[in-house]
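The structure follows.
Lettered A, B, C and D in written order, each chain numbered from 1.
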Amino acid sequence: MLDKGNNDFRERIETSFAHQGAMALIGAELTRIQKGTVEIELSYDQKLTQQHGFLHAGIIAAVLDSACTYAAYTMIEPEASILTIEFKVNLMSPGKGDRFLFRGEITKPGSNIIVADGRAYSIGDGPAKLIASMTGTKMVLRGREELAG
Amino acid sequence: MLDKGNNDFRERIETSFAHQGAMALIGAELTRIQKGTVEIELSYDQKLTQQHGFLHAGIIAAVLDSACTYAAYTMIEPEASILTIEFKVNLMSPGKGDRFLFRGEITKPGSNIIVADGRAYSIGDGPAKLIASMTGTKMVLRGREELAG
Amino acid sequence: MLDKGNNDFRERIETSFAHQGAMALIGAELTRIQKGTVEIELSYDQKLTQQHGFLHAGIIAAVLDSACTYAAYTMIEPEASILTIEFKVNLMSPGKGDRFLFRGEITKPGSNIIVADGRAYSIGDGPAKLIASMTGTKMVLRGREELAG
Amino acid sequence: MLDKGNNDFRERIETSFAHQGAMALIGAELTRIQKGTVEIELSYDQKLTQQHGFLHAGIIAAVLDSACTYAAYTMIEPEASILTIEFKVNLMSPGKGDRFLFRGEITKPGSNIIVADGRAYSIGDGPAKLIASMTGTKMVLRGREELAG
């Protein structure tokens, strides 16, 4: 039930995601894009760990930030761009498991400032386990072509 | 002028840092350890970018979190361990430049909770440019040998 | 459908709330207590404003913090106590209106650390309008009688 | 050594502060204004407490937010206004003591977004004791006369 506008942001987000060197480096995959919500998944890899062998808090933050940023991209006109001003992350359970899901959702749309909330889950055989949450503040940029994308 | 205690935490931090798969993956180097302060440096690499080619906010968060965590390790007894409960990051300037410095410093030591503040700078030929700040809350863990290190 | 345990926390929270000088000063009322969720309401008063005549961000934070703290009290044993370690507030719309609702909910229970999320709404004739959100980190204190309550 | 510009913001801040019902309600006093730094002081009062008789975290947040906001006012042109987008507060020590000092300082000026850091201290006979810190993000508003001040 995607309308033209939706297809616009979908293609744009996929292209932009493909330009994020960091997401490629860690093996993150864009798995869901819909208006107001973006999901990214990641498989566990020892290369992504902190000193105890769990997913590094910064890696969790990186993927949550990407999910929240792209959720914000679903709310803006095609010429505009999104910049993360700040975010806060709560780490609730150790990042252990085989695979992780990161969901970014828009809490407050706006023409200049967008607030997004993200949740990170360890997903496996059993029920998903919440491992972290993020609240992030995004600024909508216009007329800065060099940042478009 | 390192005393025995300092050498203890220095060696411990170096060993722990070497176990952080994420820091190795991105090429981060531990460049300074002293009581209450830890610095990590990182060179720009296209693999570490967001969609505009700047250092990804999550990579900035990852290194700041490591710097703050290891600053906390300088404040605890050798048997204890540090867990990040939460952090907040403000992104102030685009992460552009050839090389970056991340400094974590202890704002409030404590037997259970430690608060650390971090600053990230783009460093190059000119004066260092502040690109981001972090405030992070750490919990001191004791008697959980599996997390030691 | 409150069981005995629930009644225990209800009475305890009401007594504790009555000891919060700050909540009395601003005229806040405890309007809902159930396991994992606490609501507080507040009427607009010019004494509670910032320089533009809207509800002061700090007043919003104060009530959200109380709502989140008491939500945490519903999760702990009667002898324990709750201490706020930190919180983050996003101000999304001006605090204007006649009456406001602040809801605190537990996102992650825990024996030592509890994470709560709060939402503040302007409520009136029309639909409730989200004006702010909070994420707060709480520590469970035990064996510190002077802090009980 | 105040120049004309400084006097401009000084008078403006004093007038604005006088319009903050919340600051009057709690008895806060503006004690220092200089470019990039604003200080507010507050005396202990049982009316400002949480359930343990210490200064309520929300009151601490309210005064820190005002100090940070007015520090931002020292950085903008007289026609512009400041709006708090979000803040994070870490509570480090119980808010006990007779008198408290709240300092807001500009960490990152900007034409659209300003980042300020605040520190709250219990001040008395001995050395000042750090009780809380804030990082806040401010937006510069222009052309919205209704918000000027």
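By our rule, a contact is a pair of C-beta atoms (placed from the backbone, for glycine too) under 8 Å apart; a residue touches a chain by one contact, two chains touch by 3 or more.
To keep track of the chains, here are their UniProt names: A, B, C, D = PaaI family thioesterase.
Please read all numbers here as calculations on a predicted model, not as lab measurements.
Comparing chain pairs B-C and C-D, the larger number of C-beta contacts belongs to C-D.
A straight line joining the Cα centres of chain B (PaaI family thioesterase) and chain D (PaaI family thioesterase) is 29 Å long. If you average the Cα atoms of chain B (PaaI family thioesterase) and of chain C (PaaI family thioesterase), the two centres end up 33 Å apart.
The distance from the centre of chain C (PaaI family thioesterase) to the centre of chain D (PaaI family thioesterase), with each centre set as the mean of the Cα atoms, comes to 23 Å.
Across the assembly, chain A (PaaI family thioesterase) contributes 85-86, 88, 90, 137 as residues in contact with two or more other chains. Taken as a graph of touching chains, this assembly is complete, with every chain in contact with every other.
Considering their complex, residues 16-17, 19-26, 45-53, 56-59, 61-66, 69, 81, 83-91, 146-147, 149 of chain A (PaaI family thioesterase) touch chain B (PaaI family thioesterase). Chain A (PaaI family thioesterase) contributes residues 85-86, 88, 112-113, 137, 139 to its touches with chain D (PaaI family thioesterase) in the complex.
Taken together, the chain C (PaaI family thioesterase) residues at the contact with chain A (PaaI family thioesterase) in this complex read 88, 90, 92-93, 107-108, 110, 115, 117, 130, 133, 135, 137.
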